[in-house]
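One chain, chain A, links the two complexes that follow: it is found with chain B in the first and with chain C in the second.
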Partner chain A sequence: MLATISKPRVLLPLLSLVVVVGGWELVGRSINPLLFAPPSVVAQQFAELLATGELQRAATITVQALFLGYALAVVAGIPFGIVMGAWERFGDILQPYLYAIFSTPRVVVVPLIIVWFGIGFEARLFLVFFWSAIAISVNTAQGVRHARPDLVEVARSYRANRVQMARHVLIPGAIPFVVAGLRIGAERAIVGVIIGEMFLQIVGLGGVIQKGSEELLPAKMLCAVVIIATLGTIIVTLLDTFEKRFQNWKGDAA
Partner chain B sequence: MKDATVDVPAIELRGIRKTFALSDDENAQRVLALDGIDLSIRQGEFLTIIGPSGCGKTTLLRIIASLILPDDGEVMVEGETVREPGLKRAMVFQTFGLFPWKTVIDNVMFPLQVRNEPAETARETAMHHIRQVGLDRFVDAYPHQLSGGMQQRVGLARALSTGADILLMDEPFGAIDAQTRELMQEELMRIWQEEQKTVVFITHDLDEAVLLADRVLLMSRGPGRVRETIPVELPRPRFDYDVRGHEGFAKVRGHLWQALRNDLVEQRAEETS
Partner chain C sequence: MSARSRKDVRRDQLIGVAVFLVLWEVTARALDNPLTMPPISAILAALLDLILSGELFLALGQSIFLLIVGLIAATVIGFVFGALIARSQTAYWMLNPYFSALFVTPTIALVPLVLVWFGFGFPGRVIVVVLAAVVPILFSVASGLRDAPGDLIDVARSFGVKGEIPLLFTVRIRAALPVLMAGLRLAAGRGVVGMAVAETYLRLGGIGGLIKSYGAMFQTDYVFASILPLSLLGIGLVTLIARVERRLHWT
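Right after this comes the complex of A and B.
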């Protein structure tokens, strides 16, 4: 049982990695080196950037704003979403504004953010926090509102109060929505931090991309892209683990 | 033992009337679902309610549970008017209503937890009723791991754990396969006799209505009214012999069937005219 399941899970991704990297290498070698770079050249550039410490410094800056901003978004966004979902009137009042902000392109408020927060760490932190918090809140509120009416009635018949209703019925039922919100929030947090680093202050991994573009060094840009992609993968994998832990009652986690 | 309050009905309904709006619009047309229901259920009585689908059986039960309020009329529980769910009534739901994220024991403990009972006593009470319905081996299982019959046993254990005198059961065995249903009926009768509860039991199954009841309430099709109540005087315990073969059983069943059939035929005629 274990062997049949775990084998393809490791083998297939490994195989696909070989194919993708191999293909990239083949294509990369045949394109003008000012426009694109094969993995071998990227690896070389990677080693150089590591040696000078530039990549570590950039990644540290990015990860700090990203993780702190995202953590704040989770801590603020979930409770806010629960309140919005459980207190209908409150949610009704706020929903249109949140949807408006949720669907506004991020870049258009960059000038505003400069006015409010300058171009430094706080500005980037705000970008990350604000966008992902809204995604998390909106999804959480939706999950709370989609509670199964039959279970709400059960709890009501046993005289559960508002807090007990939230704790025993609304929140557990909303977990799949919350996890979806955390995923969207993570994606928006990554985009937010990179936008901040490319358009506010040229720092971090976004800055590395911007500089690579100015210096006509595609390999340098791709180094940053690879790290960003890896960060994204790590976050999504952590969320998967979290989801399975909290939904063991569904029986499909095993 | 039941004391001087024995003369007070467990449940008394006075002039219950209920309409529903056809849409969310305030001026929307309203349909009459229940029209002037008067009913008195004595303590310890097993009352089954049967009627054509759409006659408002479930609405009536939800009104008795105070999950919804009537437009007119009064619900009294042991002599007191009620307007919200209370500790003397416990409901068993057609679709079981178990929390999928809670284990069997946590589901059964839920009403006690909500009441802030100490965890130790809550657990003991819950375990007692889980044993009573024969699920002690599944204490830590999740609902999705149980069959329909087992899930409803959990629902029953949960209602019993409240210690309520009155069980309100909304087609509790409707979603359970026929063989398991017979077993569940037998067990319910056994528990009812052990615990001396008052039971109000909705069903659309004629056999079930007669088999379980001290009295069968027959409702007319919408708007729901009490058409008649028929006492069932078959010897108990009824699982000791073949009730369905008893002459009294056939008599009551035949009477109910005739009445239900007339209702259906009339409805058919109205729909096609």
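Right after this comes the complex of A and C.
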């Protein structure tokens, strides 16, 4: 969001990291260990969780549900979005429901998911899949609808047939929207998997947080939070870069 | 861009809603399983009951109060740090990475920590809302204040406005208002989620607590009836801010 800062400096973030970690260590040591953990304790806990394999197992469970749910969302969301965009009446009728579901906080839907899918893998998969599929299909539909009328006109005047029209005008025009949908969908998917692990079956990285909270081990919670934040940062940054590339492409075409 | 007129769209949507409600009612009655799919009539009866008993308004009142306090706190904090990040390269490089990390971390993952540190009470819940909502405000303040138009600043200077602080209030904030509103709109959406997360996780108070307790009793019709006002609250708030935002586009 703040991409246009001129001089990137490495020293300042490092300095700030030292200050924050140092301050955290000092404060952490002086507070009740049941409430707060200094970085040294967190690091120790991290090594311990790695040694027992608990962290790897949790991360595998999280990543499995996340990737499978997201892959399903991509596979289902894009074609559905194309249908919604191409068949405008259908899209218009469906839009309000998707918008309403999308703006409802997922934690409050958890009771419904429990009665529909139970608390197992399917329930978590649904939490990941459904909301990111909505993000992807709504954006795809928008992209399909926003084909530039002048380009469509030109293609028509050259008697492009339907396939050529789709190949050369509609799809290239829609791709930046689809990619934006993929990014928003991924953000939703990450939150979804964590909600599932904390509110349904206590497993995965979300489960580690929940257990840490019950065992009063703040260090354990912090380990899982750091991994989730890192995972989220990597996925979102990757898709962000991807999105910017296509944004430029759109700029070139315009 | 759509070739269809607004009137056509409205008509189709109204027919769509009617068909949807009838289909739901018929399917639910055919399935006859109020646990998984209560009929619309039962949900509306539950909603009426929640309204008449005053339960809904009490819960909504608590939720809205939490939301407003949280959003105000998030605005103040986001403003201070956003202004700092906008005006100082040092602050940018020292603080921005943490806020970026906070932005991608699901709020729900932080709730247990907040609970341990700040307890079950109102302050803990406000902090959850702040954590959810602060980053969009901060980013919008930072980019809005950074990109203040140079000619406006020059004019203000030549009329005798001196110093960063007076400039901030007379020129920069006003020039940045549309961007700030966009940040506030994003923050409101995330704030509603944070509010629901706090109330649901802590299992007490507000509309989130209401939904959670009916969920625990497996009264699906009441769960639907209490989710509905929450969705409307979120959509209404975001729409309201978007309206104000559109009016502010004078630049």
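Methods note: the second predicted complex is superposed on the first by the 198 of 254 C-alpha atoms of A that agree within 3 Å, B and C clash if a C-alpha of one lies under 4 Å from a C-alpha of the other, contacts with A are read in each partner's own complex, and residues count from 1 in each chain.
Here is the rule we go by: a residue touches a chain if its C-beta (ideal position, glycine included) is under 8 Å from a C-beta of that chain, and two chains touch if they have at least 3 such contacts.
All values derive from a computational prediction rather than experimental measurement.
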item: Touched partner set for A:Gln201, first chain B, second chain C, both or neither; value: neither
item: Contacts of A:Thr62 with chain B and chain C, given as first, second, both or neither; value: neither
item: Per-residue contact with chain A, leading partner among chain C and chain B; value: C
item: Contacts of A:Ser157 with chain B and chain C, given as first, second, both or neither; value: first
item: Contacts of A:Gln45 with chain B and chain C, given as first, second, both or neither; value: neither
item: First, second, both or neither for A:Asn139, with chain B first and chain C second; value: neither
item: First (chain B), second (chain C), both or neither touched by A:Val169; value: first
item: Chain A contact footprint on chain C (complex, rising order); value: 1-4, 9, 12-13, 15-17, 20, 35-36, 85, 89-90, 92-98, 100-101, 104-106, 108-110, 112-113, 115-117, 139, 142-143, 146, 189, 192-193, 195-197, 200-201, 207-208, 211-212, 214-216, 218, 220, 223-224, 227, 230-231, 234-235, 238
item: Chain A to chain C touching residues, read off their complex; value: 1-2, 5, 7, 9, 12-13, 15-16, 19-20, 35-36, 88-89, 92-97, 99-100, 103-112, 114-116, 145-146, 149, 187, 190-191, 194-195, 198-199, 206, 209-210, 212-213, 216, 218, 221-222, 224-225, 228-229, 232-233, 236
item: For the chain B and chain A complex, residues of the former touching the latter; value: 65, 67, 84-87, 90-91, 93, 95, 97, 99-103, 110-111, 113-115, 142, 144-145, 162
item: Residue numbers on chain A that touch chain B, as the complex places them; value: 150-151, 153-161, 164, 168-169, 172-173, 175, 247, 249-251
